[in-house]
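A, B and C label the chains in the order they appear, each numbered from 1.
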Amino acid sequence: MTEELKIKDREIAVPGEVLAEGLGYLPSKGIQRVNDKLVAQRLGMINVEGKVIKLVPLTGTYLPKVGDRIVAKVIDILMTGWRVDTRSPYSAVLSMKDATADFIQKGADLTQYFALGDYLVTRIINVTSQKLIDITMRGPGLRGLKGGRILEVNSNKVPRIIGKEGSMVMMIKHATGCNIIVGQNGWIWISGEPEKEMLTEKTLKMIEGHSHLSGLTDKVKEFLEKETGQKIDLAAIQPAPEETGTQEYQERPQFRERRPFNDRRQSFRR
Amino acid sequence: MEKRCDGRKQDELRPMKAKVGVIPRADGSAMFQIGNTIAYAAVYGPRELFPKFMQNPERGVLRCAYNMMPFSGHGERVRPGGSRRAKEISVLTEKALMPVLNLAEYPNSVVDVFVELPQTDAGTRCAGICAASMALADAGFEMKDLVCSLSMGILNGEMITDVNGHEDCVLETTDVPMAYIPSMDKFSLLQLDGDASKEQLQELLKKGKERCMEIYAVMQKALKEKYKVE
Amino acid sequence: MEKEHILKSLKTGVRYDGRKLLEFRTVMVEQGVSGSAEGSARVKIGETDVFVGVKMAVEKPYPDTPEKGNLMVNSELRPIANPAFEAGPPGDQSIEIARVVDRGLRESKAIKAESLCIIPKEKVWSVMIDICPLNDAGNLLDAAALGAIAALKNTKYPQLLEDNTVNWEIKTDKKISIANEPIEITVIKIGEFMLVDPTPEEEAFVDARLTVAVSKDGTIHALQKGGETPLSAEEIDKMIAIVQDKSKELRKFIK
């Protein structure tokens, strides 16, 4: 039995392409064994790790997964919640009880909380086989977004944009001073000075376009240093595997400002 | 047999050009040109399918729409608006592509493929299928293989490869458009209009497979080129 | 994106994509892109990509203009360019693009209608222009108008046989005579700011817009106001001045 690797590491594979022959190599997601050949099942970049051949997709729509933190857009107000666009073929439902730790009166005007077109940072808590999706906003870092702009990137590039333990996105935040929230679905919220927002956008688009190339972190560091005129000290940037900022938590009081029921609750407690 | 009306040999394909990612707004797109026939394909999806009764709870649905631009034909202007021919080709394109697609991950959704041709010289449905194939791969769908397609023909008893407009409309060529899936060694599109014997057809299929592999190579190269390191 | 965010950016004189208020994206015009059409052009403004083709046929003239040829402009916004477009009979946007481009060409007398006459009262040439966008990234109207005049400049008569029927397979070397080259530009107003060449994000917040067709000497041949907010005479004057100035840039792209 001849064992032969027909493709090199970091090469692009197209559907139907034979990657290896022989039973010695192991396939992974996106690759199928057909007889004794390993065949690519979608367009992607090949990583050969020992005897395992991996396929990193370069394109493809976002498919909601439980546990993902995504940026979603409100598209409908329901009786007991909101329907949101998750940037996938499936919309998700945010029910009142999952929207906030505060009590929402039955029959309240839900647009006081989130209106049509609002962008929210949410987490997916359930996906059924028919792709009905539930999301929550109760959790650290989850909130509504005001101002700023939303950038759309290929969801497959999100891991590259976040970087190892958040290192890439933290570097960009540090260099531009912008607030950046990256959704797993490829929607990224950027907020800061207009020129800095544009620089962030340019940087993110650059990462998106060059994600399959090596040495990307250095290229991005060089680019940011050139554009801002300031050196970046990588050691000084704290890695942040989960972007929880107590700062964001403190901003939640904006709920209280909108709600008219606060006073009533106070008296009830007494 | 002497050379054909455009100087080609019997088994020679017209020159081909292919490019991927030509329509930025689409989820996947490609251009495929063979001779003077140019086809653009764009893929949008998977996305929610309306009306709801058309949804399939087990897997996504593929929907193709083929259209020739009004100025693309050889004769007079073709009034826009779907023709029956366009509808037929749309359905054929869908059937030609379905066997390689796995849409089980997208229940209740639709994948829309739009094919538009600004210039035509026969072999349009084939060019459309090739462009659509590349566009679907570009959009990141799970596909067993690419689908390649061309029109074989019989002219004066001889087998010819890649029938052009003149051969199709003026000379009396038996036109046999086909779409071939190399990894399965099967055909997902086959039509014929003219006269042929069973043996002639088998020969056409055999020759067609070989020529399709040339088209396959062009399509693969175009997909890889989009990510070439500058 | 919210309107306040765009306005915040505009106050600093820069649009959210980095352009100045009156800056066009990269424009590319390619003529002769469809071998089957009598004349054709492909216009790209930024990522907006539009094919325009010209076909000619011999028809009867209109009874009130027995010695003039016919001009028809049609626009088909198909879903390949923008999934929001629906295949089928032309929608409002499609009809507006076709009619505004038509008006620009007709009123500026871009084609000498008399030159299209074959036999008065019996046979004249009809020039049919079809606009087919391939990718909608905003500002379809300007791209369509530029494509239309670029395609016309590139249009050659097909062969006319003895019995006055047409053989489209053979193209002659005779170009149709173009007497005027109108350039159409749309100026949009968001809040108090005036911009040209909007992207889809900006198009969503347009308060008012004015499309103006001008010829080389600055004469206005067609106007079309759109949007829900009314415009004052001063604003209209400003917008026309912008178009007269910007048209010189776009004119360089037509050979």
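To be clear about the criterion, contacts are C-beta pairs under 8 Å (C-beta built on N, C-alpha and C of every residue); 3 or more make two chains touch, one makes a residue touch a chain.
Quantities reported herein were computed from a predicted structural model and do not represent experimental measurements.
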Skipping chain B, the chains still linked by touching group as one piece
Which chain lies the greatest distance away from chain A when centres are computed from Cα atoms alone?
-> C
The chain pair with the larger count of contacting C-beta pairs, comparing B-C against A-C, is B-C
Chain A-chain B separation of Cα centroids, rounded to whole Å = 36
Cα centroid separation, chain B vs chain C, in Å, comes to 32
For chain A paired with chain C, centre-to-centre distance based on mean C-alpha positions, whole Å | 40
Of all the residues in chain B, which ones touch at least 2 other chains?
-> 47
Note which residues of chain C are touching chain A in the complex, please.
-> 1-2, 4-5, 8-9, 12, 14, 16-18
Chain C partner, complex, touching residues on chain B are 22-26, 36, 40, 42, 44, 47, 65, 67, 69-77, 80-82, 112, 114-116, 118-121
Chain B residues touching chain A in their complex are 27-28, 45-48, 57, 60, 100, 102, 105-109, 137-146, 182-183, 219-220, 223-224, 227, 229
Residue positions on chain A within touch of chain C in the complex are 147-150, 194-195, 197-198
Contacting residues of chain A [partner chain B, same complex] = 12, 14-17, 30, 32, 34, 39, 41-43, 45, 57-61, 63, 89-91, 129-131, 156, 212-213
